[in-house]
Amino acid sequence: MLHQMFRVRWSAWKQLDEATRQEIAAEASGVLEEMERRQSALFSMLGHKGDLMLVHFRESFDDLNGAELALAQLRLADYLEPATSYLSVVELGLYDSTVRLHESLAEKGIRPDTPEWEQATEEVLAQQRKAMAPRLYPEIPARRYLSFYPMDKRRGEIKNWYSAAMRDRKQMMHEHGMSGRKFTGRILQLVTGSTGLDEYEWGVTLFGQRPDDLKATVYTMRYDKASAVYADFGPFYTGVIADPDELVAQLGLG
Amino acid sequence: MLHQMFRVRWSAWKQLDEATRQEIAAEASGVLEEMERRQSALFSMLGHKGDLMLVHFRESFDDLNGAELALAQLRLADYLEPATSYLSVVELGLYDSTVRLHESLAEKGIRPDTPEWEQATEEVLAQQRKAMAPRLYPEIPARRYLSFYPMDKRRGEIKNWYSAAMRDRKQMMHEHGMSGRKFTGRILQLVTGSTGLDEYEWGVTLFGQRPDDLKATVYTMRYDKASAVYADFGPFYTGVIADPDELVAQLGLG
Amino acid sequence: MLHQMFRVRWSAWKQLDEATRQEIAAEASGVLEEMERRQSALFSMLGHKGDLMLVHFRESFDDLNGAELALAQLRLADYLEPATSYLSVVELGLYDSTVRLHESLAEKGIRPDTPEWEQATEEVLAQQRKAMAPRLYPEIPARRYLSFYPMDKRRGEIKNWYSAAMRDRKQMMHEHGMSGRKFTGRILQLVTGSTGLDEYEWGVTLFGQRPDDLKATVYTMRYDKASAVYADFGPFYTGVIADPDELVAQLGLG
Amino acid sequence: MLHQMFRVRWSAWKQLDEATRQEIAAEASGVLEEMERRQSALFSMLGHKGDLMLVHFRESFDDLNGAELALAQLRLADYLEPATSYLSVVELGLYDSTVRLHESLAEKGIRPDTPEWEQATEEVLAQQRKAMAPRLYPEIPARRYLSFYPMDKRRGEIKNWYSAAMRDRKQMMHEHGMSGRKFTGRILQLVTGSTGLDEYEWGVTLFGQRPDDLKATVYTMRYDKASAVYADFGPFYTGVIADPDELVAQLGLG
Amino acid sequence: MLHQMFRVRWSAWKQLDEATRQEIAAEASGVLEEMERRQSALFSMLGHKGDLMLVHFRESFDDLNGAELALAQLRLADYLEPATSYLSVVELGLYDSTVRLHESLAEKGIRPDTPEWEQATEEVLAQQRKAMAPRLYPEIPARRYLSFYPMDKRRGEIKNWYSAAMRDRKQMMHEHGMSGRKFTGRILQLVTGSTGLDEYEWGVTLFGQRPDDLKATVYTMRYDKASAVYADFGPFYTGVIADPDELVAQLGLG
């Protein structure tokens, strides 16, 4: 999964004549529409951090790299400045269920770090990956507003998630999950992993029907012990969903 | 609510002839005056962080996004460089009264996180939102000087607001409110929420009649326990109110 | 008080012919000389952080804003890039004497935060403001070297100035003042307040006859408890005083 | 060892006609192929941090400097913007074995910091350096995905690696090594030293067959005490291996 | 002492014809050779932080400022972008000997902060300054590799050098000196002071015959208590000495 944030080079863009801009926007809309068939989504961003956000889902790094390079070849790319990006991989959204899986394996006598354990874990993950994509896409358009932020579990000198006992971590993640469940239906949450791939350990993408819900979700969960004590947050990026069709409007045309 | 800070591209701007600059400034003044009817305010900033600040109040993220895009289409936008911005939503300015509301609901036997509790809270918030806008705007012009800064409640390893007891937080916010009340009449304070939307949890916009009052307010409150121990401050942006009419003067014309 | 730091755009500047550069420098010298009559001072900076520093003293934010805008209209401004700046207001340089004033008011039975207390404090401040300007300016030229840095009193999780007892703060500031007094005559120190106005709580501007004295002052005071334990320092900017007349030489002319 | 990250200046590059781009890419491919014979490797990066990464292995700083300067002379260099870089030297990858060497020397009565001790250490290092290069290169192509990040051992006020007892450090590095061994075959790890040379103390370059393995390695090891408590991580850079031949494709040609 | 780091604007530079580049490089070589007679040294930097480093030693800030301005007037300056710089003053390299001096003064009954004490300290410093320059320069060419980094003594909330007892600081600096002495002959170390002048308290410039020695020195000393517990390091800049004559080669000519 790759989040790409771009700023529009408005001055250069506006210097083009109307016909050229329409042509360039049409080329871009076409490519983005193709990308969007279940694989990418376009957002209009709020504030100076960027004007457009593209969220790509792909099967492999090679495909993500291909998407990046394809965009760079668009004529529109000359009028877009890469502001930032975030690379992560889709994983189990519910920490809780990994813990449950591990418990169930333990009950079956399958020990951690054995081939059987690895295989069982991998199977569950594969199922979830397969299940996630079709479940995810139809839900995005109904939730127009997006907030994306990367985060770490704190590794402080006193409060250190990675030194906390498994039992405590499990309980904290359970409380955290309960707290998040209050927003079921109003918020769709996607947690992706990026340890070793980008600056933080996770990326969190929230989709909501109302801006207030984005804020309420993060604010409410901040009082959970898992967040209050152990979460370190990166920058927040906020946007409104945009059809590639609307790109023309986003770019001040028509 | 969106704060937008811009730097003027003076060199490019000054290369235009006088007539063109007047024309561009007139177009911008017109659009800004329209925006200003209770919805946006213009400030001339002090120091290198920016030359102009626009503060937009809108009903929705879509409207804020629309305001941003409308500004980007102005011819003046070619001479403005987005320096920074801040996105937040208007909320209860007085933490104290939320706490009081919750107590009153508790007395009525309405438990937190029940539909009744949610609804009662939402009603109070809706009332306050409605009451706030008309109350706010007439007061800005009388308080020419602005200081804007985002802030967090600290989540340190030892001092952590989100781990503090509700009772203690209530008492600290009460002291904080009392401390702020000394400046009633001299300072108009607007606290907006941005958890999950932008880098900090709140934005604080102070409007004052005298620059000294801006400093005195923040300095005095820094000794309150809520600030002394639990506040983490972001950058500070300072400005002087400017009529869109004055924009012409701001831009070195006439 | 506004410190403005600029980088010279040497390449663009050197592309002008000699006559044009002389003309532009003469225009700037004229305006700066006017500004300098007790209100602004010009420094040539050391290192990459900037080439020129302007230090403005004005009666109001409007006047500071006016000075900024006047400079932006100079033809020279096309060859200056704003690197950074710092906004602050002149206040009591000696914390010690505020404490003494408050003690004397307490002895007279005037309680803090009463109108009498406010008024007495305001009167002393007004006197000091009035006394400061004429005392200050004649002393700058004799102390050719400048070091400017913003600073905070630490609000750490363990060491927190704003949680320390008034009595301890008073004693620390007394020791700090004594320590600074060793440099009387060699160093002129100006402490201005910026809480709520810019990133730090104070700006410190040191003027010295010898670079070693700038270093010795800050180094010596670093062992005072007030600095050792409670000071957080921002960036340091160092410069050599320059006559507007010399600007021509600074800019590689004549 | 020098990691160089570049962004492609796509707009300028795309303004060239096809024939010129082919010519420039061919010149670059030729030089890179020469460099690649066991000495340099090319990666296509994911995200906004860069488009191309070059990893150079050389015998000396002079040779690395020569490689940098040779690249700067390429016509392609006009279309590459240096984004970042990292300088380090190849050293013992296994802390554990240094410790073992030191123990074995101690058993022989050779005391630390004597010429004999220095010489024995140097000999082992020289052997390892010689052994490393031929062992390393054939393995890279089979592991298409790269993650590079610099890191420090923490020198916190409470948790400080450099104050920990040798015995504890040895045990932690042993656990860390065991933890890493789970990924043998799937991940090739290269730890290079940069204390005194660049911002962090080590550079870690991971080569993997699957992106998930890059993440799993770093995530798993994060629970080791050596990482959980004592590691401070810098930015992460992720890429896909690219043949110089493929450079033409990377650059949107062919 | 001023360290100046520059990036070469390769694209602009390479657009010049060969004859013009030779002419510009010759002008720069001439000026740099003049500067180098015991006063400045030129290094070719490794990595993206810069391409050229100039290290200037001068008698006064005015002379350093003059050197900066003279360089800015070179035609070559149009092709150099100032990347960063560091300002410091030469002082006693051995903390230990200051402590010894102070002890010897104490034995003679000369009390700190008396005129006699100041004068004796100043005399020793003046001697050392005079002795340092001629001793220093002949040694640089033999030690081709440079590492420069600024550093602070930590003023943490728990570990604070400036709150540590004089006796402990003395012992730590003694251990630190002993640790450094292992590298005598292989490394030439120059510690300059910058408290109050630039972002850190000291600048450390290491000159070595082998890159490994630069790393080994800093790594070894990191285990000394003075470094392990009390040192905060800034960025590291690494380079290879370059004759002004070689500048032509550095710039891709000849």
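A, B, C, D and E are the chain letters, set down in written order, and residue numbers restart from 1 in every chain.
In this text, a residue touches a chain if its C-beta (ideal position, glycine included) is under 8 Å from a C-beta of that chain, and two chains touch if they have at least 3 such contacts.
Note that this is a predicted model, so its numbers are computed, not measured.
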item: For chain C and chain D, chains touching each; value: E
item: Rounded Å distance, chain A centre to chain D centre (Cα mean); value: 28
item: Distance between the centres, which are taken as Cα means, of chain C and chain A, whole angstrom; value: 46
item: In chain B, residues with contacts to at least two other chains; value: 157-158
item: Chain contact topology (line, ring, star, complete or other); value: ring
item: Going from chain B towards chain C, every chain in order around the ring; value: B, C, E, D, A
item: Parts of chain D lying in touch with chain A, wherever the complex brings them together; value: 7-8, 10-11, 14, 44, 46-49, 51, 145, 147, 149, 154, 156-159, 182, 206, 211-212, 214-215, 217-219, 222-223, 225, 227-229, 231, 235-236, 238, 240, 250, 252
item: Contact footprint of chain B on chain C as seen in their complex; value: 2, 4-5, 60-62, 64-65, 68-69, 72-73, 77-78, 82-87, 89, 113, 155, 157-158, 160, 162-163, 193-199, 201
